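A single structure is presented below for examination.
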Amino acid sequence: MEVGLNHFLTVSVALFSLGLYGVVTRKNAVMVLMGVELILNSANINFVAFSRFGNFGIDGQLYALFVIILAAAEAAIALAIVLNIYKTFVNVNIDEINNLKE
Amino acid sequence: MLTEFGKIFVFIILAGAFVGIAFFASMLIRPKRPSHEKNLIYECGENPEGSPWVKFNIRFYVVALIFLIFDVEIVLLFPWALTYKQFGLYGFATGAIFLIILFLGMAYEWRKGDLEWARPKVEKLDLKKLLNKKEESVTTKTEKV
Amino acid sequence: MKQYFKNTFDAIWTVLIGMKITLKHVFVPSVTIQYPDVKPPMPERARNRLYVNMDDCIGCDQCARACPVNCITIETVNATPDDSPGLTSQGKKKALWVTKFDIDIAKCCFCSLCVYPCPTECIEMTKVYEFSEFDRNDLIYNFATLNSDEIAEKQQKFDVFLAEKEAAKLAAAKAKAEKAKADAEAKAEKKENDKPESKPE
Amino acid sequence: MGLLDQQFSDGNIVITKSEDLLNWARLSSIWQLSFGLACCAIEMMATSASHYDFDRFGVIPRPSPRQADVILISGTVTLKMATRIKRLYEQMPDPKYIISMGSCSNCGGPYWEHGYHVLKGIDRVIPVDVYVPGCPPRPEALLEGLLKLQEKIRNERLRKTA
Amino acid sequence: MYDFLINIFGNQIVAYFVAAAIPLFLFILPYALFAVLAERKVSAHMQDRWGPMRVGYHGVLQTVADILKLIQKENIRATLTDKVLFNLAPYLVFVGSFAAFAAIPFSSWFIGSSIDIGLFYFIAISSFVVAGILMGGWASNNKYSLLGAMRSVSQIISYEIPTAIVILTMVMITGSLNLQTITEQQTAYFWNWNILGGATFGIGKFLLIPLMLGAFLIIYISTLAEVNRTPFDIPEAESELVSGFHTEYSGMKFAMFFLAEYANMLAVSFLIVVLFFGGYHSPFGYIGNSIGVEWLVPIEQFFWFASKGIFFVIVQMWLRWTLPRLRVDQLMTVCWKYLIPYSVAILLLVGLITLI
Amino acid sequence: MGLYDIIFYLFAIITIASAVVVVNSKNIVHAAFSMLLTFFGVSGIYVLLGADFLAVVQIMVYVGGILILLLFGVMLTNKIVSVDIRSGSIQVIPAIIALGAFAAILFSIMTSTNWKSESFEIPTTTSVELGNLLMSQYVLIFELLAILLLVAMIGAASIARRDKE
Amino acid sequence: MALKTEEMVLNMGPQHPSTHGVLRLELELEGELVKNVIPHIGYLHRCFEKHCEAMTYPQIVPYTDRMDYLASMSNNLGYAIAIERLMGIEVPERVEYIRVIMAELQRIASHLVALGTYGVDIGAFTPFLFLFAEREKILTIFEETSGARLLYNYIWVGGLAQDIHPDFVRKTKEFVEFFKPKIKELNDLLSYNKIFIERTANIGILPADVAINYGITGPNLRASGVKWDLRKDDPYSIYDRFDFDIPVGEGLVGTVGDSWDRYYLKVLEMEQSLRIIEQAIDQIPEGDVHEAVPKRIKPPKGTIYTRVENPKGELGYFIISDGSLNPFRVKVRGPSFVNMEVFGELCKGHFVADIIAILGSIDIVLGEVDR
C-alpha cells in the first residue's frame, strides 16, 4: 500500500494513545509531562499531515510551529511548578500529593 | 533520488556505522581483565562516597529554562529574518518589537539576578567569630618592627 | 555602564597581549634537549651513581658510618701479614681484605655524605645517571673484587692465622704460665693480684 | 575475547607482524597518569617541562586513570597512600605499565630504616616494570627509564615463549 | 558530484554512501589525526619545546600510534554505571558532530547535502551532542562526570544563543539559510566576503564592516565555548573535575569523544568560514580559471576552504595555550550579560542598515 | 514498496517503539532519553511530509531544549539512585483497556472517514513561505507569542526561584 | 539556595591534578558551592622528626632537604643556623654571602614553581612551562656548585659542602639580567590577564587580623597587608646589610589579601630577591668555606629555636640537644603546615573552582605539611 495520509494518522493515533496512557498511569509528575509532550507531538503530526495532503497551503505547518512553541512554554512552566511541588512536598508522585494546602 | 535530507540521513547512518565498526575492531583486539577494583567508580583513588545521582544545583535548571525560551524565539525569528526585507520597515519593526519584548524579560531576569550563578556573598572572615568558635583566645598583639 | 565597556575592552586587549607573547615564543628557539640523541654535558660536580675504586679502599668503614641511610654494607677480613692486599695509590698500606662492599643504590639518597670522610678518596659520585633496571635486585651494586672462593680462602687464611696466633698466644701464655708457675712456687701470696689485671677494661 | 588475551602456540608471520605493529603503537603512545607524590614529582614535572619535554616520546599526562597507560610512582609511598595507589593502578585499563621513580618508591629510599610510615618499595603492592634509581633521578634518568620501558614493550610477545 | 558517483557505482544508494564516506574517511579522520598532532606541536612550539619527535619524522605518526594504542586498550565499564546509556553516549556525540558536516559545502563540486535550511540544521544538530554529553556524564555514575556534563550542557546551550543570533544576523544580510547560496554570494575576491560587508557596494557595505567584525568576534567566542575549548573548557577543567564527562571512559569510547571534539572544532570553524570568510572561495581568483583547466577549480576551492578552516582551528589552539579558564559563573556572565546584548544590538543595527 | 515507504516505516517504528519505552520504562532517565528517539522519529516523519523547517525546529526545540530541561528536572527532583527513580505506574490495567478502546475508536473513525486527500506540492523552501505567512496573516500571533514567551520566562523563572527564604 | 539540595561529598585527591601533591580534600558541596572543606593530610608523612632522633647532626641535613623540597637550600640554612647558634660557631663572611645568594636564588626558584603551578590550576598551561624553563637556569647554577638538581645538601653546619664553582658569579649575574624581562613577560601573559584577574581577585580574602591569629607567615601574611619579614624583623645571617623592600599586598585589583594579591606578592618578592642577589654577588669576600666546619658536631646540652624566612613563610627549628651525637628532639615549624590551617575557613562559600584558586595561592608543599 502506498504510504498516504492514513499511515501518518495511524502513527499519530498510536503516539496519542501512548501519551495518554503515560499521562494516566504514571505517578511521577515529570513522567506525566513527558506523556503530554507525546500527545502534542501526535497532534503536530496531524497538522503537518493534513497540511501536506489537504491542500490548505502550509498554514498547517505554521500551526505546528505554534504548537511546538507553546509546548516549550508549557514545559518550562510545568517543570517550574513541578519543582515547586517538589520543594513543598519533597515528592513528585502525584498520587501522594493530596494535601493542597500547606 | 534521495532528497537533501536523505543525504543527511546517510551521513548519520554512516557515522553510526563507523563508531560501531571501530568498537568492533577494538573488541577483537583489546584484552578483558576485569577485577573488582577496576570496576569501581573512579574517585581520585578514594572510596566513592555517596552517589553522584543526587539533586543538583537549580542554577542549571534556570539556565536551561531561559535557554529554551530564547531557543524558541530564535526559531520564530528565522523565518522573519528571511523575509523581513520584502516588508520593508514594517517587517523590520515586527521583528524588532518581538525582540524587544523578549529583552524586557531578559532585563527582568538580569535585575532579579537569575542570570547570576548562585553565589551568596562570601562572608568576610571575621576574627571575632572565628575566635568564639575556637574558645581559647589568641592574643592579637604582634610586634611590628 | 562605563565599567561594562571597560571590561569588554580589557578582556579583549589582555587576551591579545597574551596571544602576542605566545606567538613570539613560537619563533624563540626551543630549549629542549633531545635527550637520547643529544646528551647534556654533566657538570663536573655531578652527583649520580656511586663508584668505589676498590684498589684504593682500605675498608675503614668510614663511609658506611657517615651514610644517613645505611645503604653501604662493608665486611672485611683482616689480612695476614704474608698475604698483604697491597698499597693504595697514595701509598697507604692496606690491612684489610674487603670481602663485601655492597651499595644499595636503590636506597641511596645521593647526598654524598659518604664521599667526604673517606681517607683515601676512593668512593666518589660519578656522572653516570643512566642505570635503570628491570629488577630491583640489580640495583644492589657489589664492589668487592674478591669472588666467593677467594673470600673463603682469605677467611680461612685469616682463621688459620688467627688460630696460629691464638695457638702462639696460647703457647706463649702457656710458657708464661709455666714460668709463672715456677715463679708462683716462689711467691704464692702474690697470685691473687694477677687476676684483676688480666681482666680487660 | 580479545587478541591481546590470547597466547598463540606457534607464531606465523601475520601474528608477528601484527604484534610488532601493536607493540609499536603501545610504546609510542604512553600516556601517563598525572600524579605526583613527593620531591621526585618535581623532577617529573621538570621532565615534562620544556627542557626535557616528555611530549617528544608521546607521553602526555591524563588526569583520569581510565585513559592512562603508565603510572609513574614518583616519590615516597606512605602506607596510607599505598592502598590508594593500588586502587588507581587497578583502575587503569590493561595493558598498563609502571615506572618506579626514585629511591623512595624503589625501596623506601632514605626512609627505609626508620620510616615507620613509609612503604618499603612500591613493588610490594603493584608489579613494577622499570626501576629508575636516583634521589631524585635526573630528568634524563627518567627518560632513560622510559626508553627501557619502551624496549620492554617492544619485546612483548603474543606467542608463547618457548 | 552525486551524478558522477552514480555514474561510477550505478546505484544511487551506494553512491550516496560513498559520497558520505568521502568526507569521513578522506577528510575528517585525516584531519583529526592532523589536528591532534597540530595541537601538540602548536602548544610545544609556543612553549619553547618540540612536541612529539620520536614517532616518525618529527612525530608525524604520533596520533596514528595513539589511535592504534587506544584500540588495544581495555574497555572498562564500572559495575555501577548505567550500561545502555554508557555505551550509547559515544555514538550520539560522534554522530552529532559528524552529521554537522553534511550541510557544509566543501567546494562547488562537493557538498554533502545542500539543504535549504543548512544554517538552521547546523545549530539543531548540535543538540545531539548535548544530549550525548549529558547521557555519558549521567551514565558514568561519577561525580566529576556528572558535574562536568551538567556544566558542559549548560555552557553549550547558553552559548548557542549568541551563535544563533549572529547566524540570524547573517541570514538577514544574505537572505538565505543555504550554506552554498551564502558561499556563492561571496564569490570572486576577498572584498566580497561578509566580514568586509558582503558583495553589494554602497554605503551599507562600509557601515557593515565594524558590525561584521563584532559579529565575527561574538560567534568565534561562542563557538569556542560550544566546543568546550579554553577559556571555556570548564567541563573538562582538569584542575577541578579530573577530565569532565569522559572521566570514566577508556579505550575506543574515549577516542570517539576525542575525535568528536576535534571534528567539532573544525565544524564550527567551517561555519565561520562560510559565514564570514567566503566559504570555499579563493581570495584572489583561481588558477584553474585563468589557465583554463576547469577541473582544477574545485580542487583549489577545497584547498582554500580547508586551509581557512584549519587556520581557525589553529587559532583556537593558540587561544587555548594562552589563556586561563573562566569559572562557571563568569562563563554564564560572559554569555548572558555580554555576548547576547552585544549580538542583539548588532542584529538590530544590521537590520536597519540592510533596509537602507 | 519504494524507498519512501521503507523510510516511513522505519521512522514510524522508531517513533512508536521508543514512545512505548517512554511510557513503560521504570527508569525515568531511560524514559527521558528514549524520548530523544521519539523526537528524532517524529522529525523524520516531518521530513517525509515535506516540512523540513519544522523537522529541524523539532530537533532544535525538543531535543536541544525541552529534553534537556526535562532531564534537568528529573535530576533535580529525583533521588535517582534510590527506588524513587523506578517511578511506578498506577491503574495500569484499566488504563490499557480504556485507551485500547479509545485508540480503536479513533482508528476506525480515521479509516472510515473519506479524507479529501490530494497531495499537492509543498514549496521546497517552507521557511520563506512560513516567514511570509508570519509577516502577513499571522503577524498578531507573532507578537502575541513574544508576549507569551515573556510571560512564560518570567513566570517560570520566578516560580523556580521562589525559595530565597 | 534552592530545593534542599542534597549535600554531595566530593573527594579531591589524593590523586588529583591540582592538589599539589597528595593532599586529599573532602568537599561538602551544595550544588557547586562549597559548604565545608576537610583537608586530609598525612599521605606523605615521612617521619622526619622521628628520623632525626636516630641520625647524627650532619646526617640530618639531607633530610631537611626533603621537607620543603622546592626550597632545599633555605631548609638547610635554617638548620645550619640553629646548630651554629647552639654550638656558638662563627661562620666566615664568604660563607654568609654565598648562603644568602643561594637562599635568594632558591626563593626565586620556589616562587617560580608556585606561580607556574598556580597558572596550571587556573587553566593556563603555558606560563608554567615558561617559568619552569627559567627555573631550570637556576637549577643549572645550583647543580654546577653542589652537584645536585633538587636536593642539594649544600649548606652544612658551620660552612658549605663545597666552595662555589668558578663560573658561579658570572652565571648568576647573567641569570639576573636574563630574568628581569621575564618577570614583565609573566605579568603580561598571566598576572594582568583579565580572565586571570577575574578568577583570582576577591577570592579567598584573608584579613590581616585573621592571618596573624592563625599564625600565617610568609607571602600569605604579607599579602594581607602585614609587613612582617624575618629578614628585616629578626635578621639572621647577613640580611641586615642589604637594601631591599618588603612588598605587601595592596589589593591592586581586588581586596587586600585575596588570591591575586598572594599571587602577585610572589612576583614582587622575586624582584626583591634579584635586588639582594645583585648587591651580594659583587661583595663575596675571599675565604675558606670549610674553615668553621667542626670535625665532630656534638652540641652542648640545651635547646634552641631559630627561625628563618623560607619562601613559604617562617621555618622554625626547635632542637633539644642532650649533649650526645644525636639530637634528642627536633621539632619543625613548617610554614606550609601552619598556612594550611586557615584554608578550610577561606574556602567556605566559594565554588569548587575557587578552591583550586585558593589552594594554589596559599602555595603549600605537602612534603612540609606532612613532613
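By letter and in written order, the chains are A, B, C, D, E, F and G; residue numbering begins at 1 in each of them.
By definition in this document, a residue touches a chain if its C-beta (ideal position, glycine included) is under 8 Å from a C-beta of that chain, and two chains touch if they have at least 3 such contacts.
Every value quoted in this text rests on a predicted model; they were computed, and no experiment measured them.
Trainee: Going chain by chain, each one touching the next, work out the least steps from subunit C to subunit G.
Mentor: Graph distance in the chain contact network comes out at 1.
Trainee: Name the chain whose C-alpha centroid is most distant from the C-alpha centroid of subunit D.
Mentor: A
Trainee: Centre to centre, using CA atoms, which chain is the farthest one from subunit B?
Mentor: C
Trainee: B-F or B-D: which has the larger count of contacting C-beta pairs?
Mentor: B-F
Trainee: Averaging only over C-alpha atoms, locate the centres of subunit C and subunit E and give their separation in whole Å.
Mentor: Distance between chain centres, rounded to whole Å: 63 Å.
Trainee: CA centre of subunit D versus CA centre of subunit F: separation in Å?
Mentor: 52
Trainee: I'd like the Å distance between the centres of subunit E and subunit G, where a centre is the mean of that chain's Cα atoms.
Mentor: 45
Trainee: Where the CA atoms of subunit B average out and where those of subunit G average out, how many Å apart are those spots?
Mentor: Here the centre of subunit G sits 39 Å away from the centre of subunit B.
Trainee: Got the subunit A residues that touch at least 2 other chains?
Mentor: In subunit A, the residues touching two or more other chains are 65, 68-69, 72-73, 75-76, 79-80, 83, 86-87.
Trainee: Would you please write down the residue numbers of subunit E that are in contact with two or more other chains?
Mentor: 13, 44, 46-50, 53, 71-76, 115-117, 120-121, 138, 143-144, 147, 150, 153, 157, 160, 177, 238, 242, 247-248, 251, 321-323, 328-329
Trainee: Among the residues of subunit G, pick out those that touch two or more other chains and give their numbers.
Mentor: 1-3, 6, 8, 12, 14-17, 32, 62-63, 126, 129-130, 133, 136, 151, 189-190, 193, 195, 351
Trainee: Looking at the complex, which residues from subunit B come into contact with subunit A?
Mentor: 58, 61, 65, 68-69, 71-72, 75-76
Trainee: Please give the residue numbers of subunit E that touch subunit D in the complex, ascending.
Mentor: Where subunit E meets subunit D, its residues are 40, 44, 47-55, 59, 61-62, 64-69, 71-76, 238, 242-243, 246-251, 254.
Trainee: Using the touch rule from the top, collect the residues of subunit F that touch subunit B in their complex.
Mentor: 3, 7, 44, 47, 52-53, 55, 57, 60-61, 64-66, 68-69, 72-73, 75-81, 85, 127-128, 130-132, 134-135, 139, 142-143, 145-147, 149-150, 152-154, 156-158, 160-161, 163
Trainee: Help me check something: in the complex, which residues belonging to subunit D touch subunit C?
Mentor: For this pair, the touching residues of subunit D are 50-53, 56, 103, 106-110, 112-113, 121, 123, 128-135, 137-141, 143-145, 147-148, 152.
Trainee: With touch defined as at the start, can you tell me which subunit F residues reach subunit E in the complex?
Mentor: 3, 27, 29-30, 33, 36, 52-53, 56-57, 59-60, 63-65, 67-68, 71-72, 75, 124-125, 127
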